[in-house]
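The following block contains the structure, expressed as structure tokens.
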Amino acid sequence: MRKEIPMILTVLAGLFVIVAKYLFAVDQLGWFTTANRMYQVMYAMFFLLGVVSLTIVHGKNIQRRRSKWIYSLILLICMYGYGILTIQQTVEGPQANWIYNNILNPTDATIFALLAFFITSAAYRAFRVRTREATVLMITAVIVMLGVAPIGDTLIHGWNNVARWFMDVPNSSAMRGIALGAYLGSFAVALRILLGLERAHLGGAGQ
Amino acid sequence: MDWGILAGAICTIAVWTYLADHQNPIWELIQHIYIGLAYGWSIGYYWHTYIWPTFTGNKDSLAAGQWVYIIPIIAGLLVYTRYIPSIAWVARYPLSLALGWGAGYVLGFTPAVFIGQLTNSFYDLWTDSVSGTINNWILLLTLLGTVMYFFFTIRRDANPVMKGGVWLGRWAIMVALGAAFGNTVLYRYNLFYARMHYILGDWLHLAGG
Amino acid sequence: MEWALDIDRRWIWAIIFIIIGAVIIHPLGLPITVSPDTQKFYDTIQKLPEGSIILVGASYDIGAQGEITPMVKALAYQAFAHNLRLAVFDAAWVNGPKLAGQAIDQVAKEMGKKYGVDWINIGYKPGSSTTYQLITQDLISAAKNVDQTGQSLDQFPIMKDLPKVDKDHVAAIFAADIGSPGAGDAWLPYVSQPTGIPLLVGSITMSVAQNKPYVASGQFAAMLAGSRGAAEYEQLVGHPGAAAAQQDGQSLAAIYVTLLIVLANVAWLTTRKKAA
């Protein structure tokens, strides 16, 4: 009951999509469309998972007065305060939009941009011509960097074309080889799920 | 004074304090504000663009007579039982459904993309131009080499073909990873440039050109 | 040269601030040549019949807006100048449609284009692969008949011509690609391939290497290759903007990182020799 029914559901759901796709390419009865609509509604109901998890984790921090609990309080106030504001005004409302454009957006964008610093110091610390393979990797990286940026072509006319050749020929075929392997891997995992061999999702909660 | 830009500049600099010290209180504060706001925003977004219209919309909603949606609504809500230990196993029902559905989608739709990649790998090995011919040979051999590199069922030193293929594949992968690394460096700098432009251009009006 | 191996990384970081700050204050304005890929992207849109609809797949997030938003803006300039219509949508990245909508709104106001007539923001809808597939069958249902702010879609004239995403109603798809889910694993298998609608991709620089095989196979009809591609596209469209400016930063970054790698290796080799 606790493991068998979920496994049957997994197999049936997967088989339904495959049968709908391969045997009824034209969805004349509209079953696949209806099933898609229903799945979409179910998926949408998951939208509070992150909110609930954060509330539990940070709620416990506050309740037990763990170190830095004040930050947890700030997080929950921001989450629920902004949630209520956006529900009240929609995300395009004046205050909701102001917070989005002037706090959320700059903060998020800057956090992602921090990686420029770490990739630079990593390149400085880790890129060494220890082996022939590492040397090839490094030389290609330099050729491509200077070729993609306009400076390469300004310094040496035609550099851009050299970089493009690296991208279009050896890079392209190696990336395709990796992608083909990844596709086969994803098919194998999907098959394992449908055959009931993949059971990780049945463990965990409520064992 | 544009208060919005000022607020954005303060947030930007607050994030940069992370570079000086990973544990400083300004960073901790902005990090928690950010996570709170990001989730708060998604609540409002989901609510207006999907959840509320599913119940009350004028088309394709419960209010419009689509009572069948009660089934997926209940199925979806079952996922929250994972927070109640005594009935946490119930959450497996919607998750299993989602997992099977996703696997079905992978097997149903992605083979067409895979086959498109395969059929494009039949290269013309004798073209009108010398460079085209050389390029196509390189494309074919490096592709085969890369694929052979990921054969795990045949020993790499089993025969000269395997040996040569794996050797070529390793070099091709190094080139590809080098290209990916070079591009990644530029990407990160482009994002940083955008933030610096916000500070120096939008806020301080120092941008030239 | 042991000193070079012991540099505090904060010095390396400080120089990043200095060089990027310097090119913002004093731009270099290096010339940019247009690559065949970008030219193809531009030509494909230019050849679309007037009045046709481009679906803007805003599969990106705030973190990648520095590269993707300039592409969306340039696309809006070209599309509106050519009297094409735009519909923004995504089913994987919550922030994408809002960011793309803001960029298009700015261009639309500048060019006198009306919301609901010349463009629309259907917004983000949950469901990922299922929803991408569902829009090819019934877009109004997939969107629950509301746009990003909760207004009924059926009140907007543009939606009369866009009941679903198929070849009869959508002339091309522009999909942003910042990783997974993106153009290659969402828009291509679930929308473009089943419907046959040409897929134009705006890739972040980081994903260009992975996306090249799809351009070679023609599964991506054309691709803007990162910020460089966006800068070339801005140039073709006649509105140089954020991406064009970024090229100076890219140039100095490439030189700086190259010099750092050379310095580190020279230092490493000399100290290794000494030790030996």
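Chains here go by letter, A, B and C, matching the order in which they are written, and residues are numbered from 1 within each.
Operating definition for what follows: contacts are C-beta pairs under 8 Å (C-beta built on N, C-alpha and C of every residue); 3 or more make two chains touch, one makes a residue touch a chain.
The structure presented is a predicted model; accordingly, all values stated were derived computationally and were not measured.
Counting C-beta pairs in contact, the pair that comes out ahead of the other among A-B and B-C is A-B.
Relative to chain B, the most remote chain by averaged C-alpha coordinates is C. Computed from the mean C-alpha positions, the centre of chain A lies at a distance of 16 Å from the centre of chain C. Inter-chain spacing, taken between the CA centroids of chain A and chain B, is 4 Å. A separation of 14 Å divides the Cα centre of chain B from that of chain C.
In chain B, the residues that reach two or more other chains under the touch definition are 19, 42, 45-46, 48, 50, 54, 60, 101-102, 105, 109-110, 113, 117, 176, 179-180, 183-186, 188-189, 191-192, 194-195. Annotation for chain C: residues touching 2 or more other chains are 13, 16, 63-66, 98, 125-126, 130, 133, 141, 148-150, 205, 208-210, 213, 216, 226, 228, 250, 253-254, 257.
Chain A has residues 37, 39-40, 43-44, 46-47, 90-91, 100, 104-105, 108-109, 111-113, 116-117, 120, 123, 138, 142, 145, 148-149, 167, 171-173, 175-176, 179 in contact with two or more other chains. On the chain B side of its complex with chain A, the touching residues are 3-5, 7-9, 11-12, 14-16, 18-19, 28-48, 50-51, 54, 60, 68-69, 71-73, 75-77, 79-80, 82-83, 85, 87-111, 113-114, 117-118, 121, 135, 138-140, 142-147, 149-150, 169-186, 188-189, 191-192, 194-195, 198. The touching residues of chain C, counted against chain A in their complex, run 7, 9, 12-13, 16, 30-33, 35, 61-66, 98, 125-128, 130-131, 133-134, 137-138, 141-142, 148-150, 205, 208-210, 212-213, 216, 225-226, 228, 247, 250-258, 260-261, 263-265, 268-269.
Residues 19-20, 42, 45-46, 48-50, 52-54, 57-61, 101-102, 105, 109-110, 112-113, 116-117, 119-120, 176, 179-180, 183-197, 200-201, 206-209 of chain B touch chain C in their complex. Chain C meets chain B in the complex at residues 10, 13, 16-17, 20-21, 24-27, 29, 63-67, 94, 98, 123-126, 129-130, 133, 140-141, 144-150, 152, 154, 184-185, 188-190, 193-194, 204-210, 213-214, 216-219, 226-228, 242, 245-246, 249-250, 253-254, 257.
Within the complex, the chain A residues that touch chain C are 27, 32-33, 36-37, 39-40, 43-44, 46-47, 90-92, 100, 104-105, 108-109, 111-113, 116-117, 120-121, 123-125, 127-129, 138, 142, 145-146, 148-154, 160, 164, 167-168, 171-173, 175-176, 179.
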